[in-house]
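First chain A sits with chain B, and in the next complex the same chain sits with chain C.
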Partner chain A sequence: MLGLNKKDTGLFLFVLALIVFAPFILNPFPESSDLARFNAGYPDLMQRFVIFGIFAIGFNILFGLTGYLSFGHAAFLGVGSYAGVWMMKLLTVNIVPALIAAIVVAGIFSLVIGYICLRRSGIYFSILTLAFAQMSFALAYSVLTPITAGETGLQLSLADPRILEAANASGTIPAANFFGLEMRSGFDWAVGDWVFTFNFGYYLCAVFMLIAFYISIRIFRSPFGMMLRAVKSNQQRMGYTGLNSKPYMLAAFVISGMYAGLAGGLMVAVDPLAGADRMFWTASGEVVLMTILGGVGTLLGPVLGAGMIKYFENIFSRLNESDLNALFGFLPDFIQAPLVTVAQMFVGDGWLMTLGLMFMLIVIFLPGGLLEGVQRLGALVSRKKKTNEPSQPAAAPAE
Partner chain B sequence: MKILTVEGVNKSFGGLKALNNVNFSVEQGAKHAIIGPNGAGKSTFLNCMIGRLAPDTGTVMFGDISLTGMKPYEINQVGVSRVFQTPEIFGDLTLLENVMIPSLAKRDGEYALHPFKRMEHDAEIRDKAMHMLEDVNLENKRDMTASSLSRGDKRRLELAMCLSQDPKLLLLDEPTAGMSRADTNKTIDLLKRIGDRGITKVVIEHDMHVVFSLADKVTVLAQGTIIAEGKPEDIKGDPRVQEAYLGGAHL
Partner chain C sequence: MDAIILQILNGLDKGSAYALIALGLTLIFGTLGVVNFAHGALFMLGAFCAVTLNALFTLSHQVIDPSRTDFLGNPLRVEIPYLVEWFGEATGNAIIDWSVPLSILIAIPVMAAIGLAMERGLIKHFYKRPHADQILVTFGLAIVLQQVVKYFYGANPIPMPAPDAFVGTYDFGVLLGFDPFSIMYPYWRLVYFLFSLVIIAAVFAFLRYTTFGMVVRAGMADRETVGLLGINIGRRFTIMFAIAAIVAGLAGVMYTPIVAPNYNMGMNFLVLSFVVVVVGGMGSLPGAVLAGFMLGILESFASMAAVIDIVPGINQVIIYLVAIVVLLVRPRGLMGRKGVMED
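Moving on, here comes the complex of A and B:
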């Protein structure tokens, strides 16, 4: 289907199903139960899942295939955001021009930065990209304040020209929309004690993630993707084989930069505000974590990693003492009290500690990321099933 | 006709003169061996030809193309392939991919960005790669990861990679180093077979058995200078060569 082989088609349909049914999958607990606080099916978070999914998929095309670790990809996300908001200010609050501008501007920006940074490899490449991203961050706060609005962040205002739009007499800033469909529009569906939220903004972002995922599969399976893996494997040999690795690297860098730009554009499409903190180095580090956590160089890994980190960031960081007390309320007091004290260190502001621990555990025990864990589980299950059947050749690792 | 002409090549590393005014040429279709004791400058010499090192002075001409100053991928694109002393392969990729990459480089040039082309649809490249793997008896391992091969297999794979480009000139740097006698003989047979395809070969070798089975002309390098050149039988008895190899001890 769509030029994918059977295995990849399965993977694509799996992601499609995840995306379509996300409002159900992420809201497994009834509203009135104590566990409802672990529900993640609200539009804001679901949008973040898919947007950061796009970011991580793109990052993985560079890092996963070529092994070049960029520590500055948040800069492209930030640039995409600024370009997006400017389009919404100047042209129209329809998000289409904003997204196109976000991708194009991030693409050009990454072409320039990539051209310079790719003169070096390994740690020097990482440091160069980091330096460029921090430079962009600093510029956005200082010299470029007229464009970036500095610390306040770039946002829409009533006085914006919006030249493609009819005169606005309502006295309010029009909402971001896709040909009239507002990004924030949607409806709730209550089934018994469950409430499922369907949001247009989420589904639009999800369609973009699906397209991004599809393109990533095609790149992985193309001769281009094979050359990128060859770069990671033995760049020297590539040279003596008659291949100039530079154009391949630069193309991968620009493609992943455009993915980041698209993610930045979608961020402002669902919430028209762009701040320089999006370019800070921690944001670049986050996408590295997502990719490693999910599984470097795998197709599905980055999506899982992005989902996981965003889930922890938004759910665990909101838990507080009373939440924990309620959760452990079924235990006798003398167990509950110390348990809550210990657990408290890992929630709220301590969510980063949870993340750090998980990251360590995964890197040590599952170097292939979450996806390796899933595969090992799968292998374990199928081995048990096969005890009575004649042994079959081990399945090739799914990507 | 001379396919490779090296004139007046000098190369120094700090105070060490690795190559001292080397003049060397290879006839089209020849099987030419370069021998010499350790540290004679053989690998440096090869590196100067292939663009890994830039000679301090002198020229390297491939036919009427000057290779001096060209990048390694440009040198390969004009038809020079090289097998390394330690096999340089794409360890994370499958054997089939390892052989497809050089074929793609040969067909599509130094780069071709096809992000949407489907690899499995490229039957031409695939068939050729399969054919090359059959040539070196690795076709049964085509879906294995190249890094899991034994050293001898890695060398054969690298040879298949080079041969899949139909090079005009093939440079081999100790193609049998570290191999068992059986593997060495297999490699010699293989190299003899490809000799029939009209590929000019330059072999650096320590093992005299290999040299005498493969080469029709031998150049002896010692301390960065060519001290003898001629047919294998003549070289064998040359006192200068014995001196260089054995430090003047009497046989």
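Moving on, here comes the complex of A and C:
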């Protein structure tokens, strides 16, 4: 289908199903139960899942295929956000120009930065990208305040020209829309005790993520992707065969920068506010973590990783002491009290602790990410099967 | 002229901190070949050694002072630190006053223990892994350490006093023959600068003039051969990791009176210290120190009003700009050895 082989088609359909049915999958617990606080099926979070999914897919094209660890990718996301908001301020609150501008500007920006950074590899590349991102962050906060609105963040206002739009007499800032369909429009569907929310903004972002995912599959399977993998395994040997790998690297860098720009554009499309903190180096670290957590160099990994991190970030950071007491309420008091105290270190403000621990555990024990864990489990199961029925041929090695 | 001297002096204290952290980073990279993203967290832990000791020293209890009365005529309740009670007024207060320098004594064993635990418990398993993995796992560790400190000490900066003897400023203007009050410099920053010089000199002397240091230097140059000679080079490198942790910790302890420590102070320094290491040359100790001071001073020049008027925002980006130029023009850094991580 669409130039994909059978396995990739299956993968694509799997992601498609995940995305379409996300409002159901993410809301497994009835509203009235204690566990409802673990539900993630509200629009804001679902949008973030797919937007950061795009970001991580793009990052994976660079890091997963070429092995170049960029520690400054959030800069492209930030630049895309600013470009998007400016389009919405100057032209129209229809998100199409905003998205196009976000991708184009982030692409140009990454072309310039990539051209310089890619002259070095290894840790030097990481530090160069980090330096550029920190520089953009510092500039966005200080000198570029007329463009970026500094600490307050760039947002829409009534006085914006919006030259492609009819005069606005309502006295309110028009909402971001896609040819008239507002991003925040949607409906709730109550089934018994469950409430499922369907949101237009989410599904629009989801469509973009599917396109992004499809392109990434095609890149992974293309000769171009093969070339990038060759860079990862031995760049020197590539050079000796008489092949200049620089243009390929730069192309990969720009593509992943454009993915980040698209993610930034979508972020402002669902919530028209762009702040410099999006470019801070912790944000760059987060996308690295997403990719690592899911599985570097795999197709599905970054999507799952992005979902998991954003889930933990939002759900864990919302929990507080009374939530924990309710959760552990079934235990006897003398166990509950210390358990809640310990658990409090990991939720609310302390969710970063969970993040850091997860980061370490994954890198230490599962360098291939969650997907590798699943494969190892699978291998374990199939090996057991083999010992039971020695006649059965071994399962084909997973990719 | 006096303005230039003032900027140089202003750059020195930040430069000292950069130099000390970069020195530790380089020690670790040069010996173990590990890129330690948790080094900023070690700096922060050192600072919190001082915070902890200060809190311990000022532990106090209420006693009734019969000789004084409050406004209702009742005997006055006063808080008296235990130290004052045990050692008498003068000695007790002096100990409290000098809590930051005294923290050095605590910080050395604590940081050594943390360094050893870190190396044996975690870093050891990452020698053979790619640099990316080392960066990521130490980055995770840094987050965890920060959050632990935040859990126990809160998120707000905790101001720390310098000893009374070093409060106030020194007038360099008079000393150097300029107008009085033209070059005012806080005493404590001067102390910090001298302290960092002492530490740096100590580390260099240790490496240069002791047998242990000689073996370590030999190991840095050719680990395998040293190992073949029957020397347990691994253990010596572990000790060097602990020393690097101590250096970072001491830099943190003495920095507390300059900037009130909070849990993420290390991260701000870490990114810049990495830039410093790269500018100085990966694996070059003198390079790290030189680049640390140089970039510190450069940063303070760039934040002069006259410079900002010409190039707005330059103070924010100068260090990164220098790093970019150095990496592109001379990738092995100012004093890096040829061929070390030069691709």
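Just so we're on the same page, the second predicted complex is superposed on the first by the 378 of 399 C-alpha atoms of A that agree within 3 Å, B and C clash if a C-alpha of one lies under 4 Å from a C-alpha of the other, contacts with A are read in each partner's own complex, and residues count from 1 in each chain.
Definition applied: contacts are C-beta pairs under 8 Å (C-beta built on N, C-alpha and C of every residue); 3 or more make two chains touch, one makes a residue touch a chain.
Here the structure is a predicted model, which is why all the values come from computation and not from measurement.
By the touch criterion defined above, A:Ala251 reaches chain B but does not reach chain C.
Set against each other, chain B and chain C differ in how many residues of chain A they touch, and the higher count belongs to C.
Once chain A of one complex is fitted onto chain A of the other, the partner contacts of A:Gly239 are limited to chain B, with no touch recorded for chain C.
When both complexes are overlaid on chain A, the residue A:Met226 reaches chain B alone and has no touch with chain C.
Using the contact criterion defined above for the overlaid structures, shared-chain residue A:Gln155 touches neither chain B nor chain C, since it reaches no partner. When the two structures are aligned on the shared chain, A:Ser185 is found in touch with neither chain B nor chain C. Of the two partner chains, neither chain B nor chain C is touched by A:Asn314.
Residue contacts after overlaying the shared chain place A:Arg120 against chain C, while chain B stays out of touching range. Interface residues of chain A, counted against chain B in their complex, comprise 3, 5, 215, 218-219, 221-227, 229-230, 232-234, 236-244, 246-248, 251, 255. Those residues of chain C lying in contact with chain A across their complex are 35, 122, 125, 129, 131-133, 135-137, 139-144, 146-148, 150-151, 155, 271, 274-275, 278, 282, 312-313, 316-317, 320-321, 323-324, 327-328, 331, 341, 343. Of all residues in chain B, only 50, 71-73, 76-77, 81-82, 84, 88-93, 97, 100-102, 104-106, 110-120, 122, 161, 165 touch chain A in the complex they form. Looking at the complex, you find that chain A touches chain C at residues 67, 69, 71, 116, 119-124, 126-128, 130-132, 134-135, 138-139, 141-144, 281, 285, 288-289, 292, 345, 349-350, 352-353, 355-360, 363-364, 367.
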